[in-house]
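One structure is given below, represented as structure tokens, and several questions about it will come after.
Chain naming follows the written order as A, B and C, and within any one chain the residues start at number 1.
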């Protein structure tokens, strides 16, 4: 199971910044390319007051701060140059996650989608949309809102695909694994009925269930998605959730177990959150460069 | 707005040690010099049992541990050599911060100031004093104590300037910004009346209010200080307070917003906490080296 | 006081992984050798579901995950090659630490000891056993269990030595230091009567009491151990427990104080937890490489 896509986490909740400029980014795109990454996904175009491009809409409407540069333009140009697909991540206002807030979160994104498409839709690498607010089966109340936003993205862009990356609700050691898996199946079946036709790709975050349970969750996902004509990807997290330092690169063996689980489950494509901090030779973390080496050995890349 | 000064955080509360020896320190002073840093401020000469020079007073009186080397002598020699101004930071016994403790904290520093001046006052780079216990407008009860200590420092040293670096009391998102700003103005007016003549420089920590509120706070500070003949500097923090890992180098864009705010507010001089960990090419953190590059691009330094 | 041994922390509770392969490990063994390290101790051979070698017993009995490689074989081969002594650390199932759990923890390790000896006992570097569950004077209720396990290890392996590395119960600043030290002495006297003949080496963790109290604790330990014919080592921790980031390399000066305390107390041998992350030039943490330099200056190693 090869990693062929990665998120770009430039406007981050919780990952420290690497302080790269255009040169460092170009070097990293080259290294992505060298291991077969063909897809990059902007995790979000803005978070509360920080934004990744000088959006007139976000600066006027939400008082966002003018960015130092246009990251979206830079990423799209690099994706054009290195022949990758770019997914544009929507804005996250930071409001909390009940049903009404979710509706609000999606409502405020309609004008943003218009603006983004008008500014950047001409890039040949502009390949789709990423709905950035994370959901899970326990937030299915929100499915109608983001299904509507997904449809709007597709309409504006002539049908470009829409991706989400939900987390798997963690199952504690003492829980009944069988019951948890049945709930996962039942809830996602209901969600898929709502989002079918609005969302094209579901990439489950693979770090919120134990590695030894993952294969069952992914296999259930694959079966469900197939029935609804949705692609089932895995978001193979390359940061470690289980260490006291939040967050450093994952242990290779753990990543290997997760890739094996995805392969066994028949997953369509593996992406990661994310290459540049956690598995790049250019990362500020040396363990990421070592992970890059271990991954290349596994994937048979020289 | 250029960074022309930095703290030296060798006896640290919460920043991991880089384990530099004299060679690594000299290299770092050279890199400071290369971007125009002309001022270094020892954050404190001792903290509880750890001390930065073999102080007979602190070892006898507080059972401090003998240090492995004389850092103060090393820093002053480097400052002499590279033509920088050195500020000596007072001792922090670690006692808590009520009024009585504050008086105690300042009382124990009188003999220390004598000792430090006797040992190091001959260095031509010995340019002033830094009162190391942090204060804020909500701790104004303490102002009389450290005004007295400031006056004593000046008396001992023939009038060398005294610096403090208070934090701005954080204002939560839901607070009334206007009221918070008025309280900031009113309280600092009272403090300045007390410390006038004892403190020459106030360098506000710029990381405890949101970047988009900072300019107002600094502008208020500049106006107040001018009235009292006190220099108003900004302490442009180069570590990130808002990430789960406490602490790694700040995102360049955030630093840029803060430098712009200081420039717009008419700030006299910008220093940072601190160069060696957070924006140096020699730092143990690679993001610091990248911040150094971004800062040099901004400042037009080759 | 020289560091001549180190733990190997490949199956870790709380230290992020460096993602080394065989090449990186060989380089690190060479650097260990260069400063006189002659002893390596595997901290544990497995933790809950993660294991360091493909143990049929652990995979069948506890559903442990198949490891990506056989680390134990690799470590023993490197220890053979570089003429070091290797101590094998027992399995930690993660169950809690009351008396019954402790008995359970030791019971499940009997078959493991058999398996490990059968697989690896032929290596000439296989020099002893490390009982991996940590104890302290307040857990003396557990002494009988691990004394039994220690005896079993010795029986299986023809009398190879058994090591433990207990922590010193932390003494708060406000506590009565004299009373704490007496309790330390009394409790350890009782423990030693139980474990005598089953445990050959006690290496106290040196990071849980203040540096300025350490010498007294170690001296008491040395006196007690001598009476019972047990070697008294120090486990000189090279990570810093007192900083907000858990955990980064320790400040050299702190390590120096601890080594001086051990030397003054007449300690037999100093090992560390652990070289590869915290004091190696190959570490992902640059401060570790700097600590390596400072340590070599202290030890007079070119």
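Things to note:
Keep in mind that, in the parts below, contacts are C-beta pairs under 8 Å (C-beta built on N, C-alpha and C of every residue); 3 or more make two chains touch, one makes a residue touch a chain.
Quick caveat, the model's predicted, so the values are computed rather than measured.
The two sequence copies chain A and chain B touch through a face in which the numbers common to both fall below half of the numbers used overall. In the Cα superposition of chain B onto chain C, the rotation angle, rounded to steps of 5, is 120 degrees. If you average the Cα atoms of chain A and of chain B, the two centres end up 41 Å apart. With touch defined as above, residues shared between interfaces to two or more other chains in chain B number as follows: 245, 285. Residues of chain B touching chain C in their complex: 14-21, 24, 49-50, 63, 65, 67-68, 245-247, 283-285. Contacts from chain C toward chain B in the complex involve residues 210-212, 240, 243-245, 248-253, 256-257, 285-287, 290-291, 293-294, 297.
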